[in-house]
Each structure stands twice: as structure tokens, then as C-alpha cells.
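Read through the structure below, which is laid out as C-alpha cells, and then see the notes.
Note that the chains are named A, B, C and D in the order they appear, and that numbering of residues resets to 1 at the start of each chain.
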Amino acid sequence: MEVTTPRVHNLHHVEVFTPKPNESLDFFTRVLGLHETHREGQSVYLRGAGEWARYSTILTEGPEPGLGHMAWQVAEPDQVEGWARRMKDVGVEHKLESGGSRFAQGDTLSFTGPFGHRTELFYDFERYVPAEPSKLLSQPVKFPNPGIGAKRLDHLNITARNVDEARDWYTDVLGFKLREAARTPDGDIGVWMSVTSQVHDLAIMRDGLGERGRLHHIAYYLDTPETLLRAADTFVEEGTPIDAGPGKHGLTQAFFIYVFEPGGNRVELFSGGYPIHGPDWEPIIWDGAAIEKAIVWYGGQLPDTFFTVAT
Amino acid sequence: MEVTTPRVHNLHHVEVFTPKPNESLDFFTRVLGLHETHREGQSVYLRGAGEWARYSTILTEGPEPGLGHMAWQVAEPDQVEGWARRMKDVGVEHKLESGGSRFAQGDTLSFTGPFGHRTELFYDFERYVPAEPSKLLSQPVKFPNPGIGAKRLDHLNITARNVDEARDWYTDVLGFKLREAARTPDGDIGVWMSVTSQVHDLAIMRDGLGERGRLHHIAYYLDTPETLLRAADTFVEEGTPIDAGPGKHGLTQAFFIYVFEPGGNRVELFSGGYPIHGPDWEPIIWDGAAIEKAIVWYGGQLPDTFFTVAT
Amino acid sequence: MEVTTPRVHNLHHVEVFTPKPNESLDFFTRVLGLHETHREGQSVYLRGAGEWARYSTILTEGPEPGLGHMAWQVAEPDQVEGWARRMKDVGVEHKLESGGSRFAQGDTLSFTGPFGHRTELFYDFERYVPAEPSKLLSQPVKFPNPGIGAKRLDHLNITARNVDEARDWYTDVLGFKLREAARTPDGDIGVWMSVTSQVHDLAIMRDGLGERGRLHHIAYYLDTPETLLRAADTFVEEGTPIDAGPGKHGLTQAFFIYVFEPGGNRVELFSGGYPIHGPDWEPIIWDGAAIEKAIVWYGGQLPDTFFTVAT
Amino acid sequence: MEVTTPRVHNLHHVEVFTPKPNESLDFFTRVLGLHETHREGQSVYLRGAGEWARYSTILTEGPEPGLGHMAWQVAEPDQVEGWARRMKDVGVEHKLESGGSRFAQGDTLSFTGPFGHRTELFYDFERYVPAEPSKLLSQPVKFPNPGIGAKRLDHLNITARNVDEARDWYTDVLGFKLREAARTPDGDIGVWMSVTSQVHDLAIMRDGLGERGRLHHIAYYLDTPETLLRAADTFVEEGTPIDAGPGKHGLTQAFFIYVFEPGGNRVELFSGGYPIHGPDWEPIIWDGAAIEKAIVWYGGQLPDTFFTVAT
């Protein structure tokens, strides 16, 4: 009866670098509605209105925008060491740090994946304890949700020079399941993968400049499409640069809007998608003429920047 | 690195008995928008617009409404035998049937749980192949979704004489995780549990008449609260008896409407809820004065029938 | 080609008395999202996010909650005197005050209608000039809309001992058109009337206590049903007493929630309704068994307070 | 007290020509959800789910797509002759036909306006009597609304070589009020006008080819933005050519999608807008840098076809 798939359990948080820390912080808190829970060094720790973790987002001052690291929670406390052995087996340099080296976070394995993305795995994490709890006990903050109502970090989209290789590594080594792919005769140009019942926790797209370790976007969930349309109103009013949307991808059934936060990182607000509950999902492959609808189901065409700008 | 929790993987389908099979079928197809895929004996097999399985719902003619059985998929093909051993260990009579004894379904373990609910476990299941596929490749049917847009079977709510015992059995034996509970000094009166990232795949409420093996309701997912309001318009127009709602429970953050299908079984249309992705969820306990908001966050009070009528 | 119907043109504002001016002001501004534009004497003047008038709502301190006055704009500047003649003709005592006696308001005719409701008619009114205009030039405030997003004063519901007489007076003298009515063999128990293309600018319901000059509720418009559901979340969180809803009346197709503001006046948040553009509307009459659906199309039954409490 | 503004009262219906009558009829009925009420000659008469008139849309077979005529209702039965005198005064050739010359329509004044658009004015019109009335008495059809839920004809957008002249004629002669305009130093390039409380019943845009009498689009109202997003799903599935959207104009606050019906006419599905109830509206003028947001508040850029293709 043992389930032997070694698989990370869920996306926990992401750290992004910003050369404009004050402007970025204003955007993530006042506009998106995240909530500051901690400051340490050059970093500010933030959480969304629907998150019980102390943070899902770390903003760290840096000379350039980009991915600091992505952090995945594992399923059981004693798995962190197992993952260290696994990284050794697959030849990835890594470091095991005991709890407390990061705020609110337990024993942590850190490594840089073969495509250049700094990554952390851990199990223990402090739960957020609201100072003013909502009467809705399962919700960490009181109504109304602040800002545009960004509820929680939903997924991450990173780039790789060779998406086929990246897809294989993330499925073979970290246990991701392929959910959807945009496939050409020359290989996949994008893959959408998950370890949860979400259609994607992690997407990997071909890097437009052939670079390593870059971030395409981080995505926050909004409760409904209507909430996203209201968010668009606010972005226009604020003068937030909109990269694309509102629109809908065929891929993942995402109702999306992409903006650039003041530090230069692309942020998606996302609603929709679909759950995958069965264990036997057959990946959806978009190829040939179908790729057009995969990219834009409805809404304006994506700008060139969407395919070239990553951070 | 082994994950050793024996846990069923996801709710797959439910069979309900109806003394009015034609009227029930009309309701499930024309009004709810499910799609007939098969008939066999006294049963009609139905699937929702967002489901890739051949069926999630079986309507079977019977002298009284009630639960035929609930069926759960397991995570790996070879787990069915493991579950048979586990049932033997916990002293539950069971039967192992090889694939094909049920339409579209592989090797199956069937048993009646200690609280009287007939249950099936299996892994293999035939995927639905749409005759006219949508251009949206991840969606099994073309737009627009038929009827009120019932997307997929979401969860099941059953009753038990002693909810504490039922909660313990389902968590200890089948691997459910407790997500929320309504707790009194005399024990839990309702528990909401899941094996997926949904806040509930299975709920158990105290049986108002102290009976065994009864069904409180089956629930289908609707994409948005607005879709549910439109569904309410249709139910009123159709003369479908509405038991409660539209309204919102504090419990599970469910935006709900409960109706009785013509055969007498209660059906919930559900939108909202929240995902639980982390492995370390702390159950939400509603007790004392909080129970009132647990039951009705907003909307009219629930009628007495809600607490007494089960099938 | 002259159009000779003497008809008031549109609802402009309403004044309500509150014995708890600070708590009421907090509710109307922080929770509903109205915006204070002026203070004078015991009154605070407020406007909604979608209103170009200086105010639509006046909160005035008083020993008891209730209607201060309702104010209707007329179609042309020179009609105010004409309305004074008309009031004389129909034997209603009235006063004509020149512009400036009320903040931002021009020449005004004031009178107490035959059912005890203090009323003002005028044409001239100062337009609101936003200090920080929205980039959306037709919107007086920047996105996001504050509070629950109450957009504008929509309609007023008053009570009368004899609804038939009130209906006739408001249609014959002020030019209202009857849009819908709840009719019994003993006469109308409620009428919904308008001078604009809205299904109601003014409703009159039978006074549950047989009193004169009372207010049943004032209603603000919310953009969508979903906005109203989020408002309900906020009301529950705030502990705002909810009298009824969310639900939908058959009458006027109103998606509604009714709450009591801290001063004791009932406030409706309203979405939906329908426009009446043609000149030849035939009133919708709900009688006999249909009255039940007129009152509650869906949602919980209305409480007794709905039919007895007015201010 | 006389109101002396000669003003048409409301848009009643529109006739469009189609070279593909069967395909157009399928689109307007099955996809948009209009309902056929009559056939006569080469014309099919259609009404929307929220319309009490016998028809709001006439599809007439013709060699080219384009506007047949637009029809406006007047405020009082005896005004038709007055309008005939007025047309004579302003030197517009016209014809007065007695009732019955058009299906369901009374005495009618017809003329071709100075910018080439055939127009009819009348008062009397037969009301639709539903064969199977809804329990919601104010709604002409039962729930659920068919197709994508096009509720009613909302407005019309026509083109003119000289928008300034057209604006003046429609305001001076037919009594339209200017609500919004896109203004350049060379004159207005678009004007949005109404005779009702809608922000526009009629829009006039500069004809991209300098032609006369052309139609830019006819627009149907959808209840909510979410309904429009679902409509977009259906259009993509159907392969309906989408000209622009979903998106939002700053102008009129329109949430829009524009498609081409099979006959080649552009059809807008529209939600949002805002009401204008006061008699003293100051037109919103978009000029200079603001014009960009007037055209696209959010959503992809409009294609060139939007500015050149009319029928």
C-alpha cells in the first residue's frame, strides 16, 4: 500500500528581487492587497488574504529584478533529508540548513536546479496567527479583502533554454505531473505541471533570449473573473504597465492579466483554471493549428514582450 | 522518502436511487446539464460538462431514494488489493471484483462501511472521449455548457448516528484529513474532510433520526456565485423544491443552494470553498457561539428539513 | 408636438435622521463607501462613487431615525414655479425658497405630501468637481471604488396607510408611472413607480402600523450581484444587522440585501432590476398566488420586521 | 409647466440586411438567443429575452449587409404627425403611413436622414404575449435565457462623413442629448448620444471610407460582465469572427465584445455603461492624450478593421 512517488507537495513561496523596493512594496501591499508580516535585512515578507503561511512572497532589494528562489513544501517532516539524498543521486549541489536560518521556516534543503533556478525544500513552517481574526474562521483576514483582492500565490512560471529537458527533470526528479504542453516539431515550447490538484503549480516556457535561471511571472489567484476585471480598472487608474490581458488562454483555461510591478518583474493575476482530482490525467497537448487558441482563447494578441521579457 | 499514508485518492462517482427515474433523469440532464453516457439495467450513467470520466453519477431506479454507493479512486493501480487487506485488518466485510463488473470501471473493492454506506474503491476507469470535442482541449464538451452548468461532482454529504466515530474511522482507515468541524460538548455534529486539496470531498453530519447509511446530499460544482444565482432562477421557474439557499455557510465557505430532485434526494449546487495545498492544515473548529455563523454565514435560516430529511 | 405631462424628472437626494450620527456616518462612509462633501449644522452631506451631484444623502442628527425629506429634480429650470402653482391647485401647502437656502441647491419648492413625507423639488444643483479625477472621465472618483462600492442612490421606499390613494396621488400629481404592484382584493399593498427608465424610483408599501410619513428604506445601487454578495460578507464581518437577504424579489427583479444602519434606518443594497424604455409600459400586477413569488423569488423568507419596522 | 423639447423617446428596433439569411438567422437565434416572432417577405422578426415588443431586430435578405432602417418610438400617440411637420420644416423628405403597413406597428413616419440612414418614427406597437409566460411576471420568457443571453437591443452605432454635422442634426432635430464625445482639433470623431437615461442609444463615428448611410454595429445588452465572458467562450467555440474584445472602452464605460454575424454586419455584446438620470448632464469630452483610454480602457488594441469596416 505504500505510495512511493517522491514528489514535492506544494508551492510555498517565492522570493523576487527588485531594484525599487519601496515602489514594489507599495504595489504588492496597497494595490495587490498583500500584507506585510516581517522585515529582515533587505527583505520584506508578505502574505495574501487567503494564506495561512507567514508569507508567500519575499521582496528583496537587488540590483536587477529576477527570481530569488522558489520554495516548495514537502509532504512529511522527515522527507527533507530524503530529498537531500535524492539531489546527491542526481548530481545537484545542495545545502541542508537546520530550522531557523530562514524566518518562520524549518529544516531546509537548498539548491540551484539544472536550469539555473534557486530552490528550497522544507516541511516545517509557522502558521500565521491573525491579530484580528475574521468571524469566518477559515479565513486569515477580516472582510473586506484589501486592495484588488489577491488571495494567494497560485503558481510560478520560469523559463529554460530547453523546455523538453526541463520538463523531464522536473517530472523525473521532483515528481511533477505534466498537465498541458504547447508542442512543436522542435520540442515543447511551454509546459504546465503540478504536484497538487491545480492545473499548474509550475510552468516552464522557452527562454526568448536563451538565458538561464529567469522568471517569466509569478501569479496570484483572484476569486472570480469579475474580480479580475475590477483589478484591471485599478491597474489602468494606477498607471501600472499592463503586459497583456484581460484575456483567456486556452492553456490551463486561465483568465489572466499580466502587469509589470515597479521593480520590473511580471505579475499575473489569475482566475479560473480547473482542478485535476483523478490520479490518471492524460496531458493536454496543444500542437499545430491548435497552438493559436492555446495562447489566446479570447482577448487581444499577446505582445512580443510576453515572449522575450523575463527577469 | 516513502509516503506511507494509506489514503484514497479522490471521489469518483456516486449512485443514487430514485423511485421516479424518468423525472430524475430529466432533472439531472435538462436542468442540471449532465450528459447521459450509458444505460444498463435500471441505471443511467451521467457525466458533468467538466468531467473526463465516463460518469460521475448513476441514477438507479429503486423503491426509495437514497445512496446506492459512493466510489473512490485510489492513487495507483496495484493499491486495490492493498485496500482489500486493510479492510480485512479492520474487520470490514468486502468483496474484490475484477474489472468489467461495472461499466467502464476496473478491479473494484466493494464494502459497506461501519455506518452503513456502500462504498467502492478502484483505480482503472475509462476516460470519456467526446464525439464533438471542444476547441478548448482541456474541456470535454463544447461551449456553451448545457443546463445550469453543473460542472462536476464535487463532494458527498452522508449522515451517521455518531459523528465522532465516523470521523475517526474515515480518517484512520481511509486516510481522510479533517478540515473543519462543528463541535459541541457532546461531540461533533458535523465534519468536513478531504483527501484532495478541496476543503471537503466527504462530509458527515449527525443523522437527525439516528438512522444508518443515509445520504444528506450530493453536490455539483458551479464555476461562479453568479452561475449559482442563475441556477436559482431556473429552479424557481421549474418549480424545483428549494430546501435552502442561495446562501453561504461559514463552514467550508460554501456558496450554496439545496434542492430536492424529483426522486427525493437532496442535491446541492456549490461554488466557492477554498483550496488546502499545504500538508499541515490545522482543522477549523466551530463551537459555542460560532456555530451559528458556521451554519449560515449569510442568507435565510436553514429549514428544519435540512437537519432531519436524508435519504 | 408639446409634451404636456407634468412630471418630476428624477430622484436627487434623501435626508435621513439618525440618533447616532457618528456611528451612522462611519457606516455610510467606511462601510457603504459614500464620500463626505460638506457639513452644516447637524447635517453631513454624502455622495456615492458614481454620482456627479454634490450629495445624494444627508445624515442629520435627530432624536429618532426617519425620513428628513426626499428631493426630486425637475426637467427644466423654470418648472419650479409651475410646480408651486400645481401644489396650490391640489391644495398642498408649500413654500418656495430661492437658491442657496440649501447647500449646492437652487430655487426649491418644499411641501409635505398628503401621506406625511416632506418633499423638495428643484432644478439647479452644483456638480461635484473631483479633487483627484479618475482617468475614466465619466466616473467622479478614482478606482478602486471605496467600501462595498455603493454606486449611487437608486430609489426610496416609503409607507402609507392607504396605498391606493398614495399611488393615485403620486401618479396624478407628480407624474409617476406605475410599473408594478402587489394587489389584493382589499387594494394594493405595495406599488413600484418611476419617472425615469428605472423600474422604480419610488415605492410605497402599506404601513404596518398605520402611521404617516414613514420611511421603509433607502436603496443604493451595486454594479453586479457578485458585488452584493461581497457586501454581505462585509456586513456579517462588521456585525451590521441584516434584516433580509441576499435574495431576489420577483417584484422589480431586485437582487437585494436589507440592513439597518446604526441609527436604525433600513438601507437596501440593490442590483439588477430592469429598464423600461418604451412610453407604453403596462404595469405588472402580482396578485393571488403570484404574490408569494413577488415578495421572495429566491432566498429565505422575509422576517416579520420587514413588514412592520419603518422609521 | 409644458416641456417643449421635441425628442424621440427611445430606440425601438433595427433592420439589417444580410446576404446569408439562413446563417444569420441561426446566429441571431441559436447563438445570441433571440426569438423569432414573425416572417414576412424576405424578413424575419426577432425579439430578445427581455423585450416586450414583438421585435427589436429584423433580418432581411439583401445583396449586401447593411442597415435597413432604424426605428424610434415617440412619447405620445399624437406626436407622429408633429414629427412629420418637423421634418418638413427642416427640409427632409418623408412619408407618413398609417398603421399596419409594418407588422405590429402603428402610424409611421419614415425618412432618410441627411447622413443617409433610413429611419422610422411611430408610437403604437403591439406588445409581445408570451405563449408560456415566466413565473417572473416582468420577464417575457421563462428561465433560463436562451443562447448567450442577449437581453435586448441596447443601442446603434452608425457612421457619418462629418460627425460634427451629424451630432448637431441629431441633437437639434431629433432631440438627442450629447453624453460623450471623442474630440480632435479637426472636429469630433465619435459622439455618443441618448434620449433615454442610457449613456447612449445612438453613436455616430466618422466613416473610415467617407461613405454615407452605413452601420458600424448594433448592440445587445448582456446582464453582467461575466455573462459576456461566457459569450466569448461560445463565440470562440462557434468560430464566430471576433473583431475586438472582450475589453472595456473608457467611452461609455462599455464592457464589450464585437463580432461579425455571418451576413457581415458587426454586432456588439455590451454590458456595463452607466445611467444618466439628471436633466443637466455635462458631456464628457475625451481629447488629446485621453483619447487613447477613451478607445481602450483595458483589453487589446482595436484592430484596423474596427475603424474601416462598416456595412
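Criterion: contacts are C-beta pairs under 8 Å (C-beta built on N, C-alpha and C of every residue); 3 or more make two chains touch, one makes a residue touch a chain.
Everything numeric here is computed off the predicted structure, so don't read it as measured data.
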item: Chain pair, A-C or A-D, that carries the greater number of C-beta contacts; value: A-D
item: Gap in Å, rounded to a whole number, between the CA centres of subunit C and subunit A; value: 47
item: Centroid distance [mean C-alpha coordinates] between subunit D and subunit C, Å; value: 31
item: Inter-chain centre distance, subunit A versus subunit D - centres from mean C-alpha coordinates, in Å; value: 45
item: Contacts with 2+ other chains: residues of subunit B; value: 135-136, 224-226, 233, 236, 293, 297
item: Pairwise touch network: line, ring, star, complete, or other; value: complete
item: Touch list for subunit B against partner subunit A, complex; value: 1-7, 9-12, 50, 52-53, 73-76, 79, 82-83, 85-86, 123, 125, 127, 135-139, 180, 196-199, 224-226, 250, 252-253, 274-275, 277-280, 282, 284-286, 290, 293-294, 297
item: Contacting residues of subunit A [partner subunit D, same complex]; value: 224-226, 229, 232-233, 235-236, 242, 245-248, 255, 257, 293, 297-301
item: Residues of subunit B defined as touching subunit D within the complex; value: 134-136, 142-144, 147-148, 224, 226, 230, 233-234, 236-237
